[in-house]
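Chain naming follows the written order as A, B, C and D, and within any one chain the residues start at number 1.
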Amino acid sequence: MLTLAPPAWYLALSAVLFAIGAMGVLIRRNLIVMFMAIELMLNAVNLAFVALARGMGSMDGQVIVFFVMAVAAAEAAVGLAIMLQLYRSRATINADEVTTLRW
Amino acid sequence: MGVEVAIAAAKAGFVLFLALQVMGLGVFFERKVSAVIQDRIGANRAAIFGFAGLGLVNTLVADPIKFLLKEDVRPAGADRLLYTLAPVLSVLPALAAFAVMPFGDVLELEGRTVNLQAAALNVGVLYILAMASLGVYGVVLAGWASNNRWSLLGGIRGSAQMISYEIAMGLALVGIVLTYDTLDLQEMARRQGELLWGWLPAWGVLYQPLGLVIFLVAGIAESKRIPFDLPESESELVSGYFTEYSGAKHLMFMMADFVEVVLVAALAATFFFGGWQVPWLGREGFAFPWGQQLPLPSLAVALLQVTAFMLKVIVLTFFQIVVRWTLPRFRYDQLMRLGWKGLLPVALLNVVVTATVVLLAGGRA
Amino acid sequence: MVTPETTTLLRWIVVAPALGALFALVAGRRAPRLVAWVGPGVLAGALGLSIAAVLALARQGEGGALLDPLYPWIEAGGFRADATLRLDALSAVMLLVVTGVGFLIHVYAVGYMAEDPDIARFFCYLNLFVAAMLILVLADNLLLLFVGWEGVGLCSYLLIGFWYTDMANAAAGKKAFLVNRIGDAGFILGLFVLAWFAGTLDVQGIAAQAETLRTAQLGGWPVPVVAGLLLLVGATGKSAQIPLYVWLPDAMAGPTPVSALIHAATMVTAGVYMIARLHPLYALAPEVLTVVAIVGTVTALLAALIGTAQCDIKRVLAYSTVSQLGFMFLALGTGMPGAAIFHVVTHAFFKGLLFLGAGSVIHGLGGEQDMRRMGGLRRHMPITFWTMLVGTLAIAGVPPLSGFFSKDEILWGAFTGPNPQPLLGVLGYVVAFLTAFYMGRLLLLTFFGAPRAAHAVAHDSGHGHGHDQGTPHESPAVMTVPLILLALASAAGGALPVPAIVETVTGPHGAHAHAPFWALVLATGVALAGLGLAWLCYVARPELPERIARGLGGLYTLVAEKFRVDELYDRLVVRPVFGAAERLATADRALVDGAVNGAGALVAESAQLGRRLQTGNVQHYALGVLAGALALVLWVAR
Amino acid sequence: MIAPLFVLLALLTVAASLVVVLHRNPVYSALGLVTTLFLLAVLFVGLDAHLVAALQIIVYAGAIVVLFLFVIMLLNLQVEPRTLAPAPLVVTGAVLGGALGVATLGVLGRDPLPLAAVVGPGYGGTEPLAERLFTAYIVPFELTSVLLLVAIIGAVVLGKKRLS
């Protein structure tokens, strides 16, 4: 039915969301917020997949979205567990205070 | 066009009416049933004209008025926006879930065929699950926005609990979905009208007794009621996530509580007890297994079905209230153990067994 | 030639002891007593299966064979080696010896090792050895034979060092393994040569390629000579011939049943078996056969000489084994594999018997091995004495015991065989005389004369024989019954028509014509003379050996010190190798390590520059990713 | 022809995503994320992806963001005194991010996109998705289960009070 808009517009929205997510990763200090920005980027990509799937009349894009969700769930579980541990040992989740992993 | 909008609005209104009425009935049950269980009279001052039975009306009307007239206190340091938003987010998803609830088959009226379901959605089961999963936000945000440590603890408990039991609930529904091979609730209700061996209505409870048990347990846990009311257990957390709430906002939390009870009852009825099905009642009227026919007009059929659905919902609501006043509260670790080590494996087993049987019985592979 | 019959029987002969080993490995710690039943039990099973297989073979008539193809093993280009078991007359003889003698020795070991806490490990190794030996014997091609060859070598190593807490035992095991490695290197090279020129390692295939091989050349040498010599190196390692015999005497560090089974009856005959099996190849190179004969004779003489001056009862038997193996090589070298295998069989009987008897003596004395502290045991251990007497007479070659026939076959063959070596034959008679002498010495020192053991018995110097008693005692029935059975075999084994059977496989036919009567008399006379000299020296005039030793002076010391071969090897091989290794190690540290470390240091130094990029702040990295993504998009947009 | 509804939804989505990135309070960031996800689900419905829309809400809104909120509340994060990273990073990040967005939009404008005006009945439902998932994508699907198992184990180990 495609009542709202042609896929290209969805893709444009997707690009904007992705850019916002990418900026979010860079400009924030808080690791959890950075993490959320990453989720935002993933979702922007999901939108592109769904829009292109609709445009091509194929289900494959939606299948990929399914996988992205599974990966995002796994990532969130492990990532948040890491942040809990980080907070327990360092009492901070600011990116610029966790820089021992170098050299 | 106008007629269709009117019909749609009427259906939506009817569903809401149904949900809220049964909810009110639930409040009354809560008072009276608890009294009976605890061997006391209960709400005996609410009689109207000396007739205690009218206390029902009294309760239904007096309680909301009382809440609405109370002062709406907002604690210092509370987050202004979220403090207000939380009760709305609590009650809204529960009410929204009723949109896909079928309350009758079809009504043929002046040449129109009206599907007795507010919104026909081919992924109705998933919609229900989605709404159920959104319900958690009200709890979490209320707990956080109150700026009160008991509330916060309640919110944390609530979020963990609801996520945990959502899994078992979803898996219990997978069994029933496999059995009836559809995600559409209306279709599922129709399938349950088929007859086994020519006389037994093929209700879900016959195929999925284990699924019913898991669904009811998980559903009660989802609605955060005793014995799963850890997020609001008064002996530990005062009132948990809504400790700080008063007035109309408190009323909304109470409403959400009872709407969820009715929702669980309605879902259990739809999935496991044939929904609006009356045994042997088809669109044309009764067709008894012993051969007798009793034709009925479409309107009568629809009325019978709606009544049957309401009766089932009321009975299941009543059942939940009996449970609530019968069982003691779990400890938090027991709650988690039951969810993850009890219900989840059993639900998984149920899914595997169901899938195997469906496959072997020549269901679509 | 009869077409070989295909069967699935043979694999079970190999599998049975392997299962026993597996059982001992898995359940041994928990059920050691069960292992003592299972260990010999699987051997009984293998023996039964072997008899069934041999009967099946016998039904085929002369030249028949059983084949058990397990699976295709290696197929690389034109080369092909299958895991196939083959039973013909030659392997049938070996099969019966391995399973039969092996079974008796297993039974004996139940008694001998009864009080060892590690009995499960022992039977695990022992069963594994038998399985490997059976692979060796039944292998259809040389590559599979090599699997068994290495398997028995491994088990030999494990069993020599069985009581590994004693450093000397562990060192002996290591020595055996290393010396065998040298031989194995030759063997592998021989296999390469054969695989290259014959295109197959199949025994039948090699025989069929005889014409091709005869004319083939490798570096100016005929291929049969090269291959034969390389394989001979392998055989000298496994069968303890000069120059690689030095490991066998040390191998006596293992438990006595091991010495009997591996280092007397079966494994050490693998080299003999291999050369006999490849006789068609060796027949193409008479010069190699001559080398084989010379090696055998010199080994036999040398070992016999050393044997006359040893005091450890097992060591005497060990040198005796080396010496008898020399006889077998002499037989091979004179082109008489039938005689060689015949001696393998009789030797398995009487040397197994002698070792088990010696073990019984050691057991009875609570671990004593020095003959100078024995004596007079005849009355205390009658069964052991009588059975060992049979064994001694058999090895000395006194008619009508088995050794007489097989040895006679060899000695006479040295003069009349297809590749006659009269000079070596004369030396053979000298060795026969020496054999009779040192065996007589062993028997007399142990069982006759005055008991010199009383004081030695009290304190147990042995390997966990906890039951030291005041007087020497006869061993239990589980040990003596195998002795009796082996004694019967040693006595009557000479009647077996082994040469005739074997020559149906190896050829040449009819080479085992019996010696004339005067030769028999001569042989008997030599044997009796040896025994008589022993009687003179150790019973009639006990002071005589002292005088002879003093009279010989340095020569005697040289013999008693085993011609200082170990020291010679140490000087010639071990130390130069160590010295070269030291120098190479220095070079390695300076050059190779220097280069490696230098490269590492270079990288580390240059990385000092790059590491400033690594701030540890994840956002800086994310910035890099973003820049990369942007670059990609711009490249697409180009 | 672009429905005004799409414009409205798109603007709301961008606004919500900006809340995620810019709000000083992590809880509001999380709520912004939920809103974004919810609006995306609505957009998915507009693209005939009903199942994906439902999953989006169940998995993302119902589980993943709740996890975020759960952790934020567990750590009791409040309004941050220093929200933004050091200025140079913020400037570079904003410039590069913006450039990425602009560049992507530029690329999008160049080529005509495929447009299947009509899709078959049942498109976006459970059946066609399941059919692809359990045939062409069966191996990634199974691997995903392994991935999730590993993630569960990792999260459980990391979630323990003490790491030894």
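In this section, a residue touches a chain if its C-beta (ideal position, glycine included) is under 8 Å from a C-beta of that chain, and two chains touch if they have at least 3 such contacts.
This one's a predicted model, so the numbers in the text were calculated from it and none came from an experiment.
Pairs B-D and C-D differ in how many C-beta pairs touch across them, and the larger number is found at B-D.
In terms of their C-alpha centroids, the spacing between subunit B and subunit D amounts to 30 Å. Centroids of subunit A and subunit B (each the mean of its C-alpha atoms) stand 34 Å apart. Centroid to centroid, with C-alpha atoms defining each point, subunit C and subunit D lie 74 Å apart. Each chain gets one centre point, the mean of its Cα atoms, and the points for subunit A and subunit D are 5 Å apart.
Listed for subunit D are residues 51, 55, 63, 67, 74, 85, 89, 92-93, 96-97, 100, 104, each touching two or more other chains. Among the residues of subunit A, those in touch with two or more other chains are 22, 25-26, 95-96.
Those residues of subunit C in touch with two or more other chains are numbered 619, 623, 626, 629.
Per the contact rule defined earlier, chains pair up in contact as A-C, A-D, B-D, C-D.
On the side of subunit C, the complex with subunit A involves touching residues 611, 614-619, 622-623, 626, 629. If you check the complex, the residues on subunit D that touch subunit B are 27, 31, 34, 50-51, 54-55, 57-58, 61-63, 66-67, 69-70, 73-74, 76, 125-126.
Residues 2-3, 5-6, 9-10, 13-14, 17-18, 20-21, 26, 29-30, 33, 36-37, 40, 43-44, 46-49, 51-52, 55-56, 59-60, 63-65, 67-68, 71-72, 74-75, 77, 80, 82-86, 89-90, 92-94, 96-98, 100-102, 104-105, 108, 113-120, 123-124, 128-129, 131-133, 136-137, 140-141, 144, 147-148, 150-152, 154-155, 158-159, 161, 163 of subunit D are the ones that touch subunit A when the two sit in their complex.
Those residues of subunit D lying in contact with subunit C across their complex are 85, 89, 92-93, 96-97, 99-100, 103-104, 106-107, 110. Interface residues of subunit C, counted against subunit D in their complex, comprise 619-620, 623, 626-627, 629-630, 633-634, 636-637.
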